[in-house]
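Structures given as structure tokens follow.
Below are two complexes that have chain A in common, paired first with chain B and then with chain C.
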Partner chain A sequence: MGGHMTITFQLNGITKNVKIRSGDRLSTILTQEHPPIKSLIPDCLSGHCGKCLVIMDKRLVYSCLVPAFRARDAEITTIEGLSDSDDIRDIQKGFQEAHCHPCNFCKNAKTLVIWDLLNRIALPNESQIEESLSVVSCSCTDPVSLKKAVFLAADLKNRRKYHRADK
Partner chain B sequence: MLISEIHYPASVNDALALLDEQPETILLAGGTEIAGAQVSRFLQFPQSIACIAKIPELKKTTRTEQFMEFGSCTSLTGLLSLGPGILPHPLAQAIQSIGNPTIRNIATLGGNLASRRQFMDLWPFLVCMDAQVEIRNRTNSHWANLFYLADSSSKPFFPEKSILTRVRIPLVEYSNVFYRKIGGQGFPHHESAVFVCMAEIQQNKIESFRLVFSGTRVFRLQEVELSLFAKKITNNSRELAFARQEYIREFSRSGFLKPAIFSSLVTDAFETLFGASM
Partner chain C sequence: MSSMKPGEQLPILTLLEVRDMLFASTIRSTVAYAKEFSVQRSQLPFGYRMILPEDMVKDGMSLEFSDGIPLFATDTIRYRGEPLGLIVGPDPVLCDNLSLNVKVAYRESEPNFSWTTFPSSRIAARKRIRIGKTEVSTPKGISDQQWETTTHWTGSFDHEYSEPSSALAVWEYDKLVIYCASQWPNHVRSSISEVLKVPQKDILIRPTDLGQSIEGRIWFPSLIACHAACAARLCNKPVKILYTRGEDYCFAPKQARSCISISSLSDQQGRLASLDIRLVINIGAYNPLAEELLDHAVLSLLGIYACPVVSIDAFAVQSNVIPLGALGNLGSIHGFFALDAHLNHLARKCQKSPAEIKAINMIAKGMTVHGDVQVSSVIPFSKIQQKLEIMADFQRKHASYEVIRKRDPASRKGIIRGIAGSFGYLTGDAFLNIPEKNRYSVEVQLEKDLTIVIKTEAAISSENARLMWKKTVSEILSLPERSIHVIQESVHSNSRCGPMVVSRGVFAINKLIERSCRALQKKRFRETLPLTVKSQMQCNPSIQWTEDGLSGKAFDAASWCGTIIELEVDAITGQVKPLTIWMAVDAGRIINKPVAESSLRAQAVNALRLCLLDDVVPETLDSSSYLAKKRLPFNEIPDIVIEFMDSDRTSALGIGELPFATIPSAYYGALSQALGLNLPSIPASPHDVMRIWEAT
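Right after this comes the complex of A and B.
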């Protein structure tokens, strides 16, 4: 076996059978996937920077803190799996309208955090936004415009949902 | 590079059978404690690991009028999701002080209580709340006060070939709680510690009192806690002054962290809970 084992999980809705070693981090195997998940930039490997965030079984997690074997039978979603969704477009529009421009290192992570937040709380307040975004450690954007972007994205999403319900 | 053997027991019984065969097996649910302490690309684990995160019976939550019962693999986010009306407020605050929302999504209650490296954040809090834990091995299961998970040398203890399956938390809303974490942010280390002091006061009388300070070891004086029962809180209460001095004196003998830190914590706690007369 050479110390390898095979685990199966869903990655962005596609079933994957992946060979792993017991000490692999989930972030390592995702960035080595074919095609690789380019949105992840595992940096600190200790759950501080937030650049390896993924959704695992509907919860936001640092993939560097998850042993790969723990992902067996899990559902994993990265920003690549959501990029065509209206929710992500709302967030991007929120960034644009708030003149908030996250850097290339943290943009995907911040987008995923906001996506997760708005999925849980339709109208988050300031402290909920601050707490959620605290999981990404990058100071490229000022907190005021970042919060404004989240409020705008929430508004866009809620209006879209409301209009859909109207039809 | 140590290659470990990974097991996925489907039930508690399967996990116990594995522990019986391979007692060196380490149980892992969230894995935050092990992964968070390592920054190398490849994680080092013990020779044999049992991944218990998805065992259904370890994720159940039940509630009665008196207590909440949680499976040990309930995540800290799962605990918080019960909402402020159900979870005692100080406990919710203590959970929120652990890591950040993303860490709490994978860290589990059992992992926080059964760490063998040191007493983690929720341990002293739940000891003060008289939480009970269910410990199962192949032949029996029993409920014990959480304080049972400290050995005679005041260090973390967990019985061999056993699993912490459930945690029962009384739904008692303590009116007076003093809680401090020392040792900075991030994953707990050898100088991290948590100080918790709780008192139930009715008509100016102490109905119950608990004080637990824990990190790599635990410090608790149950006889002093009992001695304060039914004591009246007055401006110059000799009993309270004596209890405070007793805590400071005994702590300086314990050799656990710096006495000056504990002394200021216990003084602050007494002042906060019983008034400025201390």
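Right after this comes the complex of A and C.
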């Protein structure tokens, strides 16, 4: 085992001082936080499954691939930090209206990916959606309803943003 | 005893932790076949313990997991990766490292497996069917015809589990509580009871989120749970086993491989006169459901085509690889694919379209087939076929692709297209041999605040199932869906729910919910709330095996599906790109159309994976295989168009596995048309396509 060090970072807007070991991954320290971040399921530890995605300094990253020390002074956001936002509610509504029901293993990751996509591109096209969602590897959902959910979420978000009345 | 409250989600086992919990890693064999071996006990760090079979024997436990399958290898090693023991300790990473470094001395033997000859000791199940006068090799009147023979292989596939195999065993007062994601929680309990030799009432199974399983989590979770339970008993502490992704990919069951040779004799119209089939399923080292797998494969081969003389010799054969078993629809995929591919071949020989050949041979209402099976319902083949042909503009496309392929040899250097259809079904006959496995129960409670709580011990594998059940309750009792909660209960004493296999389980529960709601409706304004209604049922298979084939009534509760696939092949790279999938489905009453469509699409994508991605070769799997695993990219998933047929049947029937029954054969047919030759196997990777094409 390597030596220990203490790092400071912002987790969902709260400053955290965490003691880490040199081999630790970001996913490890986040899931061992108090209270632990329950939205992450770091099971493959190789950036394949996408169930450990977090937003780190406004970028979507696989937390299992980020060495913990890289989180020093970083701003990290997980779905817990966004759960009360209108954007997330739009995405959830999009899922519901599109009859898209991701499993509990990938739902948080897919939500975060869509949140990130809609933050970057207000009206994504089909290939942009496909490219974004390909980072989460879970075949529980049918691709048509998943894409439909993103379109609906984008529509809801844009309507809200530009104060347009509902249909 | 319910462990959950309404609205609460099932826990995810990966994230579940309890106080003072230890972790267990599996010591595995590094050779595929050894008749003698010995595990060396070595000095372990403080707090770590090695558990070997002799420790369990000393403690009075049984070493047999199920039907002669060992919990840990004792005398013989049957596959590379077979569990030999456990390392238990507080740090999972250190446990993994220690288990990898355990020294084992082997007297290794050469693993062997052959599709053609195998010793009787390797046959796990066998089925011999003789229908009609099989001793007469060529029926009268068509003696000048020739036997047509095709051989088809099905590869091994991964189930893409939502989480790696895992189990957690915890002591709660005098009870052993097992957290486990299984399609068959009752089997977990009975297995642990047998291994620990304790009464079933002392074991409580708390379900965790199952995620996607596609029939891969029927019995294997019970084995992991037994390992965790043994360790918990010996260490007297909670023990969790959580496979790494790489370990799970290498050692969790995959779909069985099969080889099916079909020889047929037909008249000039293509009407089948005799079928001679040899089916071999490689089930790996063992599979407690070998007989069921074989039965379902044979049933799908007998299928919906009438043939007066049928001879089938079917074998489930053990080999020295990881356990191989079901993937969607139990063992039916193998049979549907091979039979459909053979009929495509016959159609080519008879210069007819595959649909014509199928229509000529299709069984019809009122017929007695497969020995003594009464066909008591109409097979909607023509209706579905007509619908599909219009949806896909099939006739025009099929004819043009044929013409282009035959007239323009240059097309072999560019992009070539093919289109083909297939027809399949899903019956309600899940477990034929042991009817008790088809038992389900449900409790529906109407609370004072007019919420409904549905409780079942059957595994709930998808959100779509929940939504469908909620819709059923909502329609009958006129209550909003948001006030309806579905809870998967812990499995405790007196419970006897069967496994949730093939989506028919979901519909069996739906039937029970309907029944309970009707009973609630009668009581609702007569008795005080809360009201509880319990329902249970035993779904007896509608057909039974006899000496001369089958007897009973068939297809009453079958759902039907036709699929057409259009695809293109890059003649330079061999890359296959499916363009569109059209599906027409007759599944009785559709309770929730968007949800049904979504389920079908999701499973269609999974079925397509079987055709497009490389198959898993269990002999070559190692820790890096998971990382090298190919996935079906989002942008390669074709459009999937689904139509539900109007049906006069009032009951809701299973649909989830229909894509597995039809997509592999439709894909195979379309690829055969594009290339102008028959490929012998699924999957057909670009490499396979080029190799076979160049060879011809």
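To be clear about the criterion, the second predicted complex is superposed on the first by the 161 of 167 C-alpha atoms of A that agree within 3 Å, B and C clash if a C-alpha of one lies under 4 Å from a C-alpha of the other, contacts with A are read in each partner's own complex, and residues count from 1 in each chain.
Criterion: a residue touches a chain if its C-beta (ideal position, glycine included) is under 8 Å from a C-beta of that chain, and two chains touch if they have at least 3 such contacts.
What you see is a predicted model; the values in this text were computed from it and never measured.
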Fit or clash - chain C, chain B, common chain A: fit
Touching partner for A:134 - first (chain B), second (chain C), both, neither: both
Computed vertex angle (chain A) for partners chain B and chain C, CA, steps of 10°: 90
First (chain B), second (chain C), both or neither touched by A:91: neither
Which superposed partner A:150 touches (first chain B, second chain C, both, neither): neither
Partner chain in contact with A:109 - chain B first, chain C second, else both or neither: neither
Which of chain B and chain C A:45 touches, first, second, both or neither: both
Touching partner for A:100 - first (chain B), second (chain C), both, neither: second
Partner chain(s) touched by A:142 [first = chain B, second = chain C, both, neither]: second
Partner chain in contact with A:24 - chain B first, chain C second, else both or neither: first
Distance in angstrom between the closest Cα atoms of chain C and chain B, superposition on A: 6
Contact residues of chain A, present in both the chain B and the chain C interface: 44-46, 48, 131, 134
Interfacial residue positions of chain A with respect to chain C in the complex: 31, 36, 38, 41, 43-46, 48-49, 99-101, 103-106, 127, 130-131, 133-134, 137-145
Residues of chain B that touch chain A when the two form their complex: 1-6, 8, 28, 31-32, 34-36, 38-45, 49, 51, 53-54, 75, 77, 99-103, 105-106, 186-187
Chain B-touching residues of chain A, taken from the complex the two chains share: 3, 5, 21-25, 28, 44-48, 50, 53, 56, 59-62, 64-67, 69-70, 72-73, 131-132, 134-135
Chain C residues touching chain A - in the complex, by the definition given at the top: 9-10, 12, 14-15, 160, 162-164, 209, 211-212, 244-245, 462-464, 467, 594-595, 597-602, 604-606, 609, 626-627, 629, 631-635, 637, 640
